[in-house]
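Heads up, the next two complexes both have subunit A, just with different partners, subunit B and then subunit C.
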Partner chain A sequence: MKAPTNAPQTSPKRLSQGAFAWLLIAPAMLFIATIVAWPLAETLRLSFTDTRIGPNFAYVGLENYQDLADSRKFKQTVWRTFYWMFLSVGLKLVLGLIGATLLNAAIPGRALFRILVLPPWVIPIAIGMIGWLWLYNGAFGLLSGVMQYVGIVDKSFEFLAYKQSAFYSAVVADVWVGVPMVTLFFLAAMQGVSRDLYEAAWVDGASRWYRFRRITIPQIMPVIVSMSLLSAIFTFNSFEIIWILTEGGPRSATTTMIIDSYKTAFSSRKFGEGAARTIVIVCLLGIFSVAYIWLLNKVSKHYGTK
Partner chain B sequence: MMDRYSIWQIIGIYAAMAAFLIFLLLPFFEMFMASLRPLEHLFRSPYQFWSDDFSFKAYQDMWNTVPLLGRYILNSIFISTAVTMITLIFVIPASYAYARLDFPFKNISLSIFLGVNMFTGAVLLIPLYRVMATMGILNTYWAMIVPGVAFLIPTGIWLLRSYLEKIPVELEEAAFVDGASRLYTLRRVVLPLALPGLIVVSIAVFIGAYAQQFLFAITFNQTREYQPLPAGLFEFIGYQSVTWNEMMAAALTGVLPVMVIFLFLQKYLIAGLTAGAVKE
Partner chain C sequence: MATLDLNNISKSFGETQVLYDIQLSIRDKEFVVFVGPSGCGKSTLLRIIAGLEEATSGSVVIDGEDVSLSHPVDRGISMVFQSYALYPHLSVFENIAFPLRVAKMPEAELKERVARAADILQLNDKMKLKPAQLSGGQRQRVAIGRSIVREPKIFLFDEPLSNLDAALRGDMRVELSQLHRDLQATMVYVTHDQIEAMTMADRIVVLNQGRVEQFGTPMELYHHPATKFVASFIGQPNMNFLPAKVTDTDADGLSVKTEDGLQLKIPVETGSASIGENVDIGIRPENITQGPKGLKLNVSVVERLGGTSITYGRTDAGSRICAALDGVANVREGETTELTLDPNDCHVFDASGTVMRRLQAPEISG
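This part shows the complex of A and B:
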């Protein structure tokens, strides 16, 4: 989608269009430069130092990066982060698609259902996590209680105490936070699909499933792709969810790259090493986004959206 | 008709909907149940679904346990509102420029803005802390507002730009022919027409600011009186005991005002948020 560029003719007395535009953008640009760009540059500088607490530090060149490259633990963290991201985003997309289809069905009560989807999204993430913390509690939580009652486990099960279960529990909580937004975007996209398409297919005797597969999905494909990029970035960066549930534990089972760099910097006070981890994250996200935007363009072209 | 479902399809849809909503609302239900149980029964094992001593006592006691609770709830709303208003001040002119004007480095600068979307505060906490210290705004409301604004400006530009693109350019041209200045046109012609879009962007920014104030609050602010609700809730974790039931009651009470607001605004939210994602 390109902006209309047939802007009005300006007389020479007025400010030129370019200058006026930059005047409008400058405040936002300056603000971002101060709060995001400068700290980012500072992080890059820190990453070449051995800064810890206190004023003394030395430039150590690429040593921090070399350490990361040699560290088996760090490689595990990277893989874990990508596994975390793909699993969580995949679930969000599938559930979002199902949820949007349900909310789009012409049934009584759907206005109410659409409201009931909102809460996980609009409340502070930290507060939702307090609820999950309690749900996952072995002795007093509902989940463990129900599992004992049904007989899946015979004594209380502490969800966040074991490596595997803690990881998947964190994934579920992350999916819970992300699903409402994905669902609503998909819903709106589905409502934007022309009814004529469905009617034509219906007249030809196409089944509901066929219509979903061959009309709905292709028509909303650009939104699916852009939502998956957005939620991939959110999920990759998601900090509060893991931090409140497990602080990265047990035994690093839920330590993603973000948690790792936060822990290195703030818990161990190794600011230099933490900064190097941050720069790696920034680079990975950058590569990832470029690949994704390329994909987005390809998909948009393929499905013929303007 | 095409939209008619068989009875089994309807049952299936409602069953699936119920499962979907149970998943999304379960933590709230659990928090509500926990808030009703007296503290000594909260830790009763084996698990009991129903206690016969349910009461709303925690909803009264919480105000005494954490005297600043009311303040925390208001702080949350105040911080998010301030973030929303300041973000709009930056976003409106910038998105107008991207929607309407042609200028050098247009695409590059827009990509830079959107690139900021890739970061969250968590990655930049260390240097951000120094920036805040240099500006002398640590332990003030500004320490939570300023980073909030910075990370929400890109989303705001992205959403508002697509709204402004849909406003017919002829209206502005008419104003120009009448000799109106650019700024006057922006203020008196474009903004009133963009009002629905502005509402949507405000809601989106508000949600972003409201949902994510915890990290900045615990890192950049030590002043108790300024803490937002998510950070303030951790005061229920006391020296001797954690009054979990009151914490749950406070959490639910604290988000209630915002939930009620969204109840009224949800129509705009659902219809509007998509403007950036759905192409026409």
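This part shows the complex of A and C:
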């Protein structure tokens, strides 16, 4: 017997639009949950424990954070990290700007120069740092040798053996690694600036410096802001450069927060205390990123890019 | 006072020569338009006048002073770019004030000058906006404002209307002509659009492949084109050309027979023309009428514009013809029609493209 014609039609069940959207982003969310959210949550949990090596641990509440707040040494580390970051990022931006301007100039063979800036960025950091280790070496190093030859020092100088020189030597190596990327981003931004703007300004009598100040800088400002933040995060979390050169020494002179966290968690096996340190880093960088997005918005609006 | 003389300007980029021995004298307060197809060197010539390019040889003389090596500011020129070249991060006010800021002008005078420019260009209520918030025509005005404030002797315009839509372009043509009258300044204007050239120019320079084809008033160019190139470039729709052979020459003109067998006696200075020589007869579409004893046209397309019917087709011998016939002309696509040419309206070009001067052309005023 035939079904009555007025029976409800069986159509596939329709998902609401919201559910469909969630379904679409589910794979990405699963991915992020596995590699970002879960480790982060686990680190947060760990930071409330006194976990060391071995199976036994206890929840200690905010004790790890309390210890950090009370620690003069940790405060020094925080300041040192910010000093490290601002100094290094500042130098990278200034050198990157100078480098990009030179590479953007109409000089013969600039294609070659553009390639020549790449090596510090392209070669593996570990290899680059071994190079710097040799440069900084007192007995056999090039720098010490040249300084003796010129007469700045009268006996061999171990750059990485003294607190101050070790810190600034690490900054130099970090800047060396970071400048090429900043330079290339600035160069790309500068090449996006319309030639007509420069010609118009030139016809109106603007000097080279005036054009740089009132056209180049404002035009690439959004890129400068983006690169400052990216570079700041990289530098803040820069680990291998310092670790290979000094392992945070001498006497903690190059110990930044990320080095401190690693040493606490993995060298001293105090996983709970180490986790607390990384959570502090997360919070600081989080604040930093929010400030950046706000700033980038403001800059983009002000400079008319949107 | 601002006269501009270009003396024997040549320009090469490496092996490629783009300008050959350009010789022009532009009078005070004159509106001169450089017109030509793309790649003819018109923009390069303008950039040489501006000082953005250096001529390979020759000199730029403004008010009797050789400024070939001077900075644009010292030349007393200002330039409006095709892209407007407005600074996107600066307000309209600051964009217009830019040249004055560069010159470190005192604030009070600067404000007054910018306000005056804004008045002329009707930008008063837009001063705080950024270029991105303006329409194409307003941006154009800001660019012009920036060139006005410095009170230059000579204004240079590099295809300033090419980024605007057709309607706005018409309005801006009128505004620019008005501006030229108000400012009483010498202006040099580059365009590839012959309508802009015809409507705005006091005199037009037609450039082709780096050479000046002709320099004259719009009406001179229309009625007495010096070469076949000028004849084909000036006028809309383009002039028709019929290949022909000279059958006789005398003081009253040239007798020719076209490939289609049409015999005409055209009143031109025959010069050294000899019987049997190949020539091109030029006739403007608007000078062709329907009538008997003329040219048979196989009509392929008719564009009815209302007032006129632009009729395209070929003669039996294969010459392409475009005729601007009456709006209600009895022509149909796919049929044939008879066309009449008045010999007085015809132009004759010899094999090298040089014109034989017409004897009967209308009197030109202005």
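In the analysis below, the second predicted complex is superposed on the first by the 278 of 306 C-alpha atoms of A that agree within 3 Å, B and C clash if a C-alpha of one lies under 4 Å from a C-alpha of the other, contacts with A are read in each partner's own complex, and residues count from 1 in each chain.
As a working rule, a residue touches a chain if its C-beta (ideal position, glycine included) is under 8 Å from a C-beta of that chain, and two chains touch if they have at least 3 such contacts.
These figures come from a predicted structure and were not determined experimentally.
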Taking subunit A as the common reference, can subunit B and subunit C both be placed on it without clashing, or not? Answer clash or fit.
fit
Once the structures are superposed on A, label A:156 by its partner contacts, choosing first (subunit B), second (subunit C), both or neither.
first
Should A:215 be classified as contacting the first partner (subunit B), the second (subunit C), both, or neither?
second
Should A:202 be classified as contacting the first partner (subunit B), the second (subunit C), both, or neither?
both
For A:55 in the superposed arrangement: first (subunit B), second (subunit C), both or neither?
neither
Which partner, subunit B or subunit C, touches more subunit A residues:
B
Which partner does A:194 contact after superposing on A: first (subunit B), second (subunit C), both, neither?
second
Please indicate which partner A:281 is in contact with in the superposed arrangement: first for subunit B, second for subunit C, both, or neither.
first
Once the shared chain is lined up, is A:135 touching subunit B (first), subunit C (second), both, or neither of them?
first
Note down the smallest distance between any C-alpha of subunit B and any C-alpha of subunit C in the overlay, whole angstrom.
5
Under the contact rule defined above, give the subunit A residues that sit at the interface with subunit B and also at the interface with subunit C.
199, 202, 305-306
Could you please specify the touching residues of subunit A with respect to subunit C in the complex?
194, 196-197, 199-206, 210, 214-215, 218-219, 221, 302-306
Show which residues of subunit B lie in contact with subunit A when the two form their complex.
2-3, 5, 10, 13-14, 16-17, 20-21, 23-31, 33-34, 42-49, 76, 89-91, 93-94, 96-104, 106, 109, 112-113, 115-120, 122-128, 130-131, 146-147, 149-151, 153-154, 157, 161-162, 165, 169, 172-173, 176, 181-182, 207, 210-215, 228-231, 233, 244, 247-248, 251, 254-255, 258-259, 262-263, 266, 269-271, 273-274, 277-280
Partner subunit B, residues of subunit A touching it in the complex:
1, 3-9, 14-15, 17-18, 20-25, 27-29, 31-32, 34-36, 38-40, 42-43, 46, 95, 98-99, 102-103, 105-107, 113-128, 130-132, 134-135, 139-142, 144-145, 148-149, 156, 176, 179-180, 184-185, 187-189, 192, 198-199, 202, 222-223, 226-227, 233, 237, 239-240, 258, 261-262, 265-266, 271, 274-275, 278, 281-282, 285-286, 289, 305-306
Of all residues in subunit C, those that touch subunit A in their complex:
50-52, 71-73, 77-79, 81-83, 85, 87-90, 98-99, 102-103, 130-132, 146, 150
